[in-house]
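Structures incoming, each one as C-alpha cells.
After this come two complexes, each holding chain A, first together with chain B and then together with chain C.
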Partner chain A sequence: MTEEKKKPEQSGSEKKGLGRRDFLQGLATVPVLGAFALALSRDLSYERKRKAQAFSHARKRTGDVKEVKIALLGAGAQGQVLMDACLKLPGVRFTAVCDIWTEYNQRRAARMLDKFGHRVNAYEDYRELLAEEKGLDGVLIATPDFWHAEQTVACLEAGLNVYCEKEMSNTLEGARKMVEAARRTGKLLQIGHQRRSNPRYLHCYEKLIRETGLLGRITSARGQWNRAVQEDLGWPQRYEIPESVLHKYGFNSMHQFRNWRWYRGLGGGPIVDLGSHQIDIFSWFLGANPAAVIANGGTDYYAKTTHEWHDTVMAVYEYETRDGIVRAAYQTLTTNSSEGYFENFLGDQGTLHISESAGRGGVYREPQAPQWDEWVRQGYLLAPEKAGQATRADAVLDVRETIAPDRHDIPVIFNDPYHMPHLENFFDAIRGEADLTCPAETGYETAVAVLKVNASIEAGRRLVFDPREFHI
Partner chain B sequence: MSRPIRSVLALFWSLSILPGFLHAQKLEPIEIELPKPMFVGTPQNIRVPNLEKPLGSPRPPFLAPAGTKNVALGKPVTSSDPEPVIGELEMITDGDKEAVEGSYVELGPFLQHVTIDLGTAHTLYAVVVWHYHKQPVVYFDVIVQVSDDPEFKENVVTLFNNDMDNSAGFGSGKDLHYVETAEGKLIDARGEQARYVRLYSRGNSNNDLNHYIEVGVYGKPVS
Partner chain C sequence: MSETRFSSLQMTALVILRALIGWHFLYEGVAKLTRGNWSAAGFLLESKWIFAPVFKWMAQNESILRVVDAMNIWGLILIGLALILGCLTRTAASAGMLLLTLYYLSTPPLVGLYYAIPSEGHYLIVNKNLVEIGALFVIAVTRSGQFAGIDRILGRLTGRSRR
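And then the complex of A and B:
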C-alpha cells in the first residue's frame, strides 16, 4: 500500500498545488499557515460571524444561491438539530413540517421556523403533507427508524429528494426498498452519516490515509461511544398524545413514543443509534466492508421491559483490506461516559485518533517510522507536541513499553454544527453542484454491517458476511 | 472633594460601620435546591472566547442575611417575546428547574429579555438563572439588570454583562461566558434594592434561540 502512496516532497521542490475545489470541499487541503490564519480569524470574528449567521435567512434571496424548498418529517430532538443547522445555511427554505406530536414537537417547530421567517404548513400525517405541498425540492426525514423506509419511498416516488437520518432503516428489507426507490425514481437519497461530509474526517481520509498512507499498514481499529447513565425520556402530561393517535402511528404508549430507540421493531438500540456512525467510518477509512463480526451484549443495567435493545455492546469486526486483515473493535456503553466517543486507526507507521468532537483528535508517529517533517511543512499535519519524555523526576521508564510517540494535531478546524456540511452537500447536490457524500448504496452497506452486530449477539457466535449482502 | 479624600473617608466608613452591620445581619448560605444534572445527547462543539473555566467542584455556599429566600417564586413574568416557541413564561418562576420537556420556555431568536416583577421593592443578594442545562451550552449577551422602573429606563443597575462587543447596546460587558450546568449561574446582586429583575440573552452555542428553565431571585422585602 505504501509504495502507491505519495512520497513527501523534498524542500525546494515544487510544492503540491492546492486547488479551489479542494478548499471548497471542507477545507481539507488548507495548508498549515492557512489553517492557523483561519483559526485565528475565526476566533477573532466569532461573535460577528455567529450574529451574521443568525441573519443569514434575510440574505438568502439576495445571494446567488439557488433557493431549495424543503419539508421536515419528524420534529423531535434530531429534527431540531437538522433545523438548527439548516437555518445557518443560505438558500434553504422550510415550507412544511410534520410530526405526530402536534401539541409539542409540531407546534414548536412551526413557531420556531416562523420566527426565522419561514412560513410553514404543519401536518400530523406525512401522506397529507405529500398530497398538499407542491413545489418542494426535498424532504428531511428525522422520524423514528421504523418509519424511514415507508416515508422515504413515498417521498422519492412523489418526486422529492430525500435526506434521511441514519439508521436508514431498522430492517435490511426496508433499507433495500429505499435504495431501489432511489434508483427507480432517479431522485437523490442522502443518508445521515454526517461525518462523511465533515472537513476533519475528509482531510484524514483523503490526505492522511489515501494520499500519503501516513499510518503505514493499518492493522487494527478501535472505536467507542460511551454515555453516562440516563433516565428514560419523559413528557409533559398536559401535552400527551391521545392513545388512538399513538396506535395509528405504531406506538403502544407515550413512553414508547418518547423512548422508541430502545424498542425492538422501532429502533435498534445504542449500537445502531451511536455505533452506526463510527462503524461507517471503519468501512470508509479502510476501504472495505467487513468480512465477519462477533459481538456480545445485553441489557445489563436498565429494565428489560423498557430497554429491549442492549445497553452494552462489544463487537469485533474483521476487514479484509487489500493490505491484509484489519480487526476493528467497537463498544458502546450507556452506563459510563469514560473517554466519550472516538475512532482510532492503528498502523505500523502511526495512529490516527479522531472524533466528531473538535476537542479530540491527533496523529501519532511510531518511533521507528520516518520523520513527518515534510508533511508538516506541506500542511498535512501540525508540528508535533513532543512526548515520550519522563517529566517527573521520580518517574520510571518501563523498558517493556515502546517510547510514547509524538502527537500531531489535525490542521483542519471545524466548529460549525456537525450536520451542517452534510446537509449543505445534500442541498448542493439538489442544485446539481455536488455529488452526495453518503448516497443510498453507501448507507445500505453500513446498515448491513451494523445490523449484523445485533444478529451476532442473538446468535451467540461469529457471523460471516457474504460480499453479495452489501450490494443490491 | 478630591477622589483620594473621598476614598479615605469611604474606607473609614467601611471599617467603622461594616462590622456592626454584619453583626446585625447574620449571614447564612442561601438554600438553592438543585435539579438533576442532565447532559444528554451529543453536545455540539463549543469554541467560545472568554469562556469561564469550569469550577470542577460544587459551587461554594453563597452567604446572605438570614431569612433570604427566592422571592421570585410564583411571580409574574413578561417578555420581549410574548408568544414563546414552546412553553409558558410562568415556567420561569414556577420552581421547576429540571431540564426536561415541559419545564422550559423557548423564546425566539436574537436579543430577547424576560422581566420578573417581584411585586414590591426587595433587597437582592443573588440571581440564579438556569437557561437550559440539558446539554453543555453557552448563552451569549447575558445581561442581568435590576430596577424600580418596569420600563428599565431609570435607576437601572447592571449586575452581570458578558456582551463583550456591546451588540445589545448596554455597554461592553466584562463578565465571562459560561457553560450551563444544573447548578445554574449565580450572579451576585450586591444588596441592590429593586422591584424588577430583567435578563437578556442572544441565542446560544447550539442555535439562535433563547431558553429559560428557571430564574431564582434571592432577597428580602424592603422593610
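And then the complex of A and C:
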C-alpha cells in the first residue's frame, strides 16, 4: 500500500494476467456487501418482531355455541349493519323482523335473512311481534331514537333481553324508564356504544390507561366527528309510506321519516347521533362522569326548517378525575370532513390517538418522558416506527425543526365489522357467559352527559352536573 | 492528449463514494422488495411539470405500472450491487443516472411546484437526486472499478484493462 501511494495509480499495471494484488483489490469492496447483509438482516428482524407483536383479535369460538333466538326491530341502515354482523356470528338465529316500512326495508331484511337460511316472520307493529313470537331470547332495536324507550320497556317486560342502539333515548325521561325496566325485570339491556367491546379500545383502556398509566397525568382530551356535506336522505317514490301509517308512528312526512335525526322530539342532531359514541369514551377512559359542560352550536349551514337540531356543535367538558381536572373538547361538523373521527387523550408523558376507523390510532411518547421500552417488551405497544415511515399526516416537514415524538402502534388488530364484538358480548351475556360491557346504567350516564350539550347551547352558558344526576 | 492520473487516496475516495451510492441504491431496492406491496404509483401520480402526463400515464396503466415497479426494484438492486462491487461500473453508473434522472424529472423542485409527499429538506432546482446524479457522473467517467472492484479482475482476465 505504501509504495502504491507514491506511484500514480495504474502505472505498472500494464502487465497482463491476474496478480495477487489485482485479486485482493478487485474484491476489496466485497466486505461492504457483508456489512450490508448484516444491517439488512437486523432491519428485517426488527420489522418482523414489530409485526409479530401485533396480535389479531381472534374470536373465541366457532360452531358449538348455544343458539340464541332474536328479532330485529328497525331494519334501516343500522339494522342492516347489525344483521350483517350477526350473520357472521355462530349460534344466532333470527326468527322475526319488524319495520314500519314494510314495502322496502322490512322486505329487504326479510329477503336477506331468508337467503341466509333464517326463516323470519315480518311485522309492521312491534306489539304484534311481541304478542305472536314466542321463544325469543332477545331483540335488537335499531329504530329512530324516539322509539327506543317505549319499545325497550315493552320488550323487557315481555321477558326479552334487549340490545338497544344508542342514543339510548332522545329524552332522559325515556332513558330512565329503560333503566328502571331493566332492573324491574332482571333482563339484560345492552346499549349500542359498540366501542366498549372493541378489542382495540379495550386494550387501550385496560393496558395503556389503567394498568401502565403510560400517558402520565392526563390533562386534556379531544374528540371530533367531522363529516362532509350530505344531501337530505330521499326515498323511492313508489315505496312512499301512506300518510296514515306515518302519523301512527309519529312522523309527519316522508322527509321527516327519513331524516328523523335532525328533528326535535325524534332525534338529537349530530352531537347526539355521533357525539354520544365518543363522549362515552371520554367518561370511560377518564373513569369519571363530567362535572360541567359549556357548548356552542347552531344550524349554520342547512335549512333550519329541515334541520331543527344544530349542524355544528363545539363543546368543552370538565372532568374531575382522581388525578385532577381534565378538560375535554369535542366537536361535530356536518360541513367538512377533515380528519374524520377520533378521540385523543393527552397526558404529560404521552398521547393516545384512537379511532373506531380501522387502521387509525397510535401512542406518542412525549420527548422528555421515561422510555417505554419495557411496555414494548411486554407487548403493550409496538416498537416505534423507524424514522421515515411516518404516515403522511404525521410527517414533519423538516426533521431539524421539530422533535417528533416516537409513534407506537397499538398492538391489537381488529378487522371484524365494528359492531360484532358488542353484539357477541350481548349474546354471551344471554348465555350467561359474560357481563355486558355497556349495560343500561352506563348508557344512561352517557345520555346524561351528552344531552346536556344541547341544554347548554339552549341556555347559552356553562352547565354544572349534579353527581346524583348520573344515577337512578 | 494528457491523461490525468489519480493518486491512491483519490481513487480510494472514489471507491468510497461509489460504495455509498451503491448501498443507497441497494437498500432502496431491497426495502421496496421486502415491503411486498410497494408501488411507484403514488410517486408517479404526484408528478408535475412538462413530463407529468407521461408519468401519470404509467401509473394509471395497470400492466405498465407492474413493469415499471419491477424495473425499479430490480434496477435499484442490480445497480446497487454493481456499484458496491465495482462490477461493470461505468454501465451501472450510467444506468443509475438514467433512473435518477427519471425520478428527478417526475418531481423536479422547481419554483412554484408543490408536492403532497413531504420531503425532509428544502430544495430549489437542486435536490438530492440531482446531487446523486452528479456523483454518479463522476463514478461513470473515472475508473474506480479498475482500482478496487471486480472490473479490475475482469480487465486482467480479458486483457482489456489499459487502453
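What we mean here is this: the second predicted complex is superposed on the first by the 393 of 472 C-alpha atoms of A that agree within 3 Å, B and C clash if a C-alpha of one lies under 4 Å from a C-alpha of the other, contacts with A are read in each partner's own complex, and residues count from 1 in each chain.
The rule is short, and it goes like this: a contact is a pair of C-beta atoms (placed from the backbone, for glycine too) under 8 Å apart; a residue touches a chain by one contact, two chains touch by 3 or more.
Being a predicted model, the structure only gives us computed values, none of them experimental.
J.: Looking at the overlay, does A:442 come into contact with chain B only (first), chain C only (second), both, or neither?
T.: Neither partner.
J.: In the superposed arrangement, does A:234 touch chain B (first), chain C (second), both or neither?
T.: first
J.: Which partner does A:331 contact after superposing on A: first (chain B), second (chain C), both, neither?
T.: Neither partner.
J.: First (chain B), second (chain C), both or neither: which does A:84 touch?
T.: A:84 contacts chain B only, not chain C.
J.: Could you say whether A:152 touches chain B, chain C, both of them, or neither, answering first, second, both or neither?
T.: neither
J.: For chain A, which residues lie in the overlap of the chain B contacts and the chain C contacts?
T.: Residues common to the chain A contacts of chain C and of chain B are 47, listed in rising order.
J.: Help me check something: in the complex, which residues belonging to chain A touch chain B?
T.: Spelled out, the residues of chain A in touch with chain B are 42-43, 46-48, 50-51, 53-54, 77, 84, 87, 104, 107-108, 111-112, 115-116, 227-228, 230-231, 233-239, 356-359, 414-418.
J.: So in the complex, the part of chain C that touches chain A is made up of which residues?
T.: The contact residues of chain C facing chain A are 5-11, 15, 18-19, 22-23, 26-27, 30, 34, 81, 84-86, 116-118, 120-122, 143, 146-153, 156-157, 159, 161-162.
J.: Within their complex, state which residues of chain B touch chain A.
T.: 36, 39-45, 47-49, 83-86, 100-103, 106, 108-110, 140, 164-165, 167, 202-203, 206-209
J.: Going by the contact rule set out above, which residues of chain A touch chain C in the complex?
T.: Counting only chain A, the residues touching chain C are 1, 4-5, 8-11, 13-14, 16-19, 22-23, 25-30, 32-33, 36, 40, 44, 47, 388, 392, 395-399.
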